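Same chain, two partners: subunit A is paired with subunit B first, then with subunit C.
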Partner chain A sequence: MQYLINIKRRLGSGRSRLAEIKTASTSRTERAQLLLITALALAVILVTVALLLNAAIFTENVATRDTTADGPEAIELRGEVVQGISELIETENHEGSGSLTAVEEDIDAMAPMVDRERAREGTVGTLSHDPNDIESGTLLRYNETDGDARAFSEAGSNNWTLVDDLGSARAFTVAIEPNRLNATTAESSGDVFGIRFSNATEDDETLHIYEDDNKENHLAVARAVDGETPERLCGIEHGGASVDIDITGDRLSTDESVVDCHRSLWPDYDPDRIEFVNIDEEEGTASVTVDEGTDWAAAVTDTEAVYSATVDISYQTTDLTFETTARIAPGEP
Partner chain B sequence: MSRKTIDTDRGQAHTVEAFIAALLLISGLLFAMQATAVTPLSASTSNQHIENQQRAVAHDLLSTAAEDGTLKEAVLYWNASDGSFQDSPDAGYYTNAGTQNEFLESLNNALRERRIAYNVRVRYHNTTGEEPRVRTQRMVEMGQPSDNAVTASRTITVYDTDQLSVDNGQTLAEIEDDPTEAFYAPDANPDGEGQLYNRLEVRITTWRM
Partner chain C sequence: MRRLRADRRAVSVTVGYILMLSVAALLLGVVLTGAGGLMETQSQQVISDELTVVGNQLASNIHEADRLAVVGAADAESSGDEPTVELTVRLPQQVAGTGYLVEIDRETIVLSTSNPDVEVTVRYPETDTTLASTDRVAGGDLRIVYDADDDQLEVRS
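After this line comes the complex of A and B, so read on.
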């Protein structure tokens, strides 16, 4: 009997151990499922974070877009108007009568056009001027009557003064026939053809123009300060055609090529007098626009011209108001 | 007791699992739809950058051309007897990228070779008193711009003494006086003593092909 009881007890304990084992294995399976779900949930959360981040970046991009978009347009309007009126003044001086009223009339005709152009873009742009702000001057030209090159010695054998008592000058250009120039080097160019600037207080500055001895078909410009050894500034290769030297614009050009002189050709000070010096066989033309009160050589042709115009430009949008006064004197150094 | 707890736990897990499966399916579907819908013409952050770049390219092209005079050459490349742009097809404007003048060539090099289509139109002031006050002359027409097209413009002023940039080109003032010839824009200041002729706004519309 005791034996049977023992077996029963053992069986009982065995069954309960089996149940224990069974329970443990089931709970482990359940955990795996939960782990899987958690992993998936984590994946979804990570993707959501990435999406939110992207959305935030996009929002920031949109929010900060075009905040300064009106600035460039205002500056562009100014540039466009200044360029338009510059060309207008030069066209009027060179092709037309050079009269103040003509320029004034054209600026008045241009104003409603500027207004209409901006109105189409939903902004307000105005152009206005005070008639007193258009200054008259004189366009001086040294050339043959048909605009051809003329020997510089015609106006004076060795040296002659182009302008004296100069106030302001702009658009000073000299066109030279390169085959008439002396060939030399920068150091020894002090004796060849040049353009001299001077005033009562500053050192004279002379721009010597010569054919470079070291290169073929190469016109060069060198500067001598107060008669010292000249220093080469720039040069241009040419095919024998006339070379334009834009002294106020620091630029040499011939045919299709253009060279910018990175060191200013015009002196740092305001010169009182401009002379042609060491004239030999050089031929060419010269042109300069001067303001009132200047004297010039008898050999040059003088025509009435507009020296400068001052205009008021304004640009207005919902976010920006821009107003500026621009003095337009094309080619002023 | 123990078995009962296990059953409850499982039900909850299944529910969460079902939700996540649904979420995955929907997000997968959405992603697939988005992925297939992205074309070079659909709006996106990168597309905005492309638009900005195109606008900058067109704007710079116009600025450069205005600065070196090729823009004026292009607007004055006009056949005054035929009333059309010189060397253009019967339509009177160019229907393809051309090498007729330097400006068209630069457009060709900068845009068309990168598969960017463009239209170029010239707006001018109509001062004859008739409506509309601003009219448009087509210069290059490549078709209908897409939704993501961008524009850039530049205004230049032309004068009575400007010559047409074709062989033996007359000045604009001469054309104005000749009844058999015509320039597309009228003289904005015909009675005045000044040289102003008109202001022309060159507008480029670009879009990706």
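After this line comes the complex of A and C, so read on.
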């Protein structure tokens, strides 16, 4: 019992000491403020360091990310539509009746496919057209006879006019048998077979087509402006087979190779007349699509054709709106 | 009184506290000063990096809009109908916690912040379509619009 009383006394004296200490410490609380404020300052600094680190990481992330809008996709859509309608027009002209209505219906059928295709990618693509924006024209062809290349002299002895009073022309191509061409050089080619473009105000331009005398199996094209000395534009190797000269597309091709002429074969101005000149023994075919209101040679076959179609194309995403109206006249220079 | 003089414990504790507080204050002062300076340098570096990235993003989008404008303008030449090109560039409102300004003039994008004072210049190749000079606009989402009447691109906030 006495033992318990002693413990109680000791505890009582301990409590009184604790109370003294507590009183002393509460009277000097200002000493802890230094540590508290410093801790807070350090905490703010550490948080800022974390934020800066975060910003730096985010910056690196953004720097290696593609953040541009869908510009290439929009241009791709336009290209696909233009390419598709170009092929549609040319197919209709060469293998169909050249009907405006047929082309119009085909464009109408193409529009939902454009919508659906883009919807799969989460974007909006539209194709629309006004029926009045499809222009008619005429496809002129100097054709083969019984599957063989036709002599250009059949339509006229020395020179003859392919088309006169020309408004607009596109897809002008000439397929020629190279072994029937005269062999010469560019400078001397002024008297050989050629295609002459002219109008009332500009100088005549003639594309002379010849076998290059300096090379074997090499067809070349040279241009003479207003009868001056011709200047070579481009040439192509051939194995004796027919060479296609795409005059509005600036391209020479055989079954084996294609050469782009970096200098335009078509004149800088809009010609009124296209003639074949200096015809000798040359053989081949020619084809051109012209708009309405023009005259052409009697030897040339003419069929109705679609000259051009104008369509509205739009491409939309959350970040991009692109709307354009494209006039599609395949092969127009 | 005699008892108080004889008691050395309080003196020891007081001196101990004073010394401890002095050393702690000195140490913490050095740490805070050093950390503050480091923070400012790092902050400027991060802002500079981020502004460079933002400038390059804007430049690539300007070229994107330029390509679309060229295609649209070429179509307009044959069809006669004006194209629409409107491109939104998603840029951050702030870089490293501070707002910034964007200014465009002659193939140069100048991005700047005022606190801390950082200015970054990003140059980009000439565009085919003229880009109208832009007065200082606040950072954030920007729109690049093709003005078909004046045949030029404009950057708007």
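Everything below uses one rule, namely that the second predicted complex is superposed on the first by the 264 of 333 C-alpha atoms of A that agree within 3 Å, B and C clash if a C-alpha of one lies under 4 Å from a C-alpha of the other, contacts with A are read in each partner's own complex, and residues count from 1 in each chain.
Everything that follows uses one rule, which is that a contact is a pair of C-beta atoms (placed from the backbone, for glycine too) under 8 Å apart; a residue touches a chain by one contact, two chains touch by 3 or more.
Computed from a predicted structure; not experimentally measured.
Chemist: A:G84 contacts which: subunit B (first), subunit C (second), both, neither?
Modeler: Once the two structures are laid over each other on A, A:G84 reaches subunit B alone.
Chemist: Return first, second, both or neither, reflecting whether A:L320 touches subunit B, subunit C, both chains, or no partner chain.
Modeler: Once the two structures are laid over each other on A, A:L320 reaches subunit C alone.
Chemist: Could you look at A:N158 and tell me whether it touches subunit B, subunit C, both or neither (first, second, both, neither)?
Modeler: After superposing on A, A:N158 lies clear of both subunit B and subunit C.
Chemist: Applying the document's definition of touch, where does A:A74 land relative to subunit B and subunit C: first, second, both, or neither?
Modeler: second
Chemist: Which partner chains sit in contact with A:Q33 here, subunit B, subunit C, both or neither? Use first/second/both/neither.
Modeler: first
Chemist: Scan A:S264 for contacts with subunit B and subunit C and give back first, second, both or neither.
Modeler: neither
Chemist: Where does A:A41 make contact in the superposed view: on subunit B (first), on subunit C (second), on both, or on neither?
Modeler: Touch partners of A:A41: subunit B and subunit C.
Chemist: Applying the document's definition of touch, where does A:E117 land relative to subunit B and subunit C: first, second, both, or neither?
Modeler: It touches subunit B, and subunit C stays clear.
Chemist: Have a look at where A:N214 lands relative to subunit B and subunit C in the superposition and call it first, second, both or neither.
Modeler: After superposition on chain A, A:N214 lies in contact with neither partner.
Chemist: Overlap of the subunit B and subunit C footprints on subunit A, residue-wise?
Modeler: 34, 41
Chemist: Using the touch rule from the top, collect the residues of subunit A that touch subunit B in their complex.
Modeler: 23, 26-27, 30, 33-34, 36-37, 40-41, 44, 47, 57-58, 61, 65, 80, 83-84, 87-88, 91-92, 95-97, 99, 101-103, 105-106, 109-110, 113-114, 116-117, 120
Chemist: Which bits of subunit C are touching subunit A when the two form their complex?
Modeler: 17, 21, 24-25, 28, 31-32, 35-36, 39, 42-43, 46, 49-50, 53, 56-57, 60-61, 64-65, 67-68, 71-72, 75-76, 78-81, 83-90, 95-97
Chemist: Per the contact definition, I'd like the list of subunit B residues that touch subunit A in the complex.
Modeler: 2, 6, 9-10, 13, 16-17, 20, 23-24, 27, 45, 48, 66, 125, 133-134, 154-157, 159-161, 188-189, 192-196, 198-199, 201
Chemist: Under the touch definition given earlier, write down the residues of subunit A that touch subunit C in their complex.
Modeler: Touching subunit C from subunit A are residues 31, 34-35, 38, 41-42, 45, 48-49, 51-52, 55-56, 59, 62-63, 67-69, 71, 74-75, 78, 310, 312, 314, 318-327, 329.
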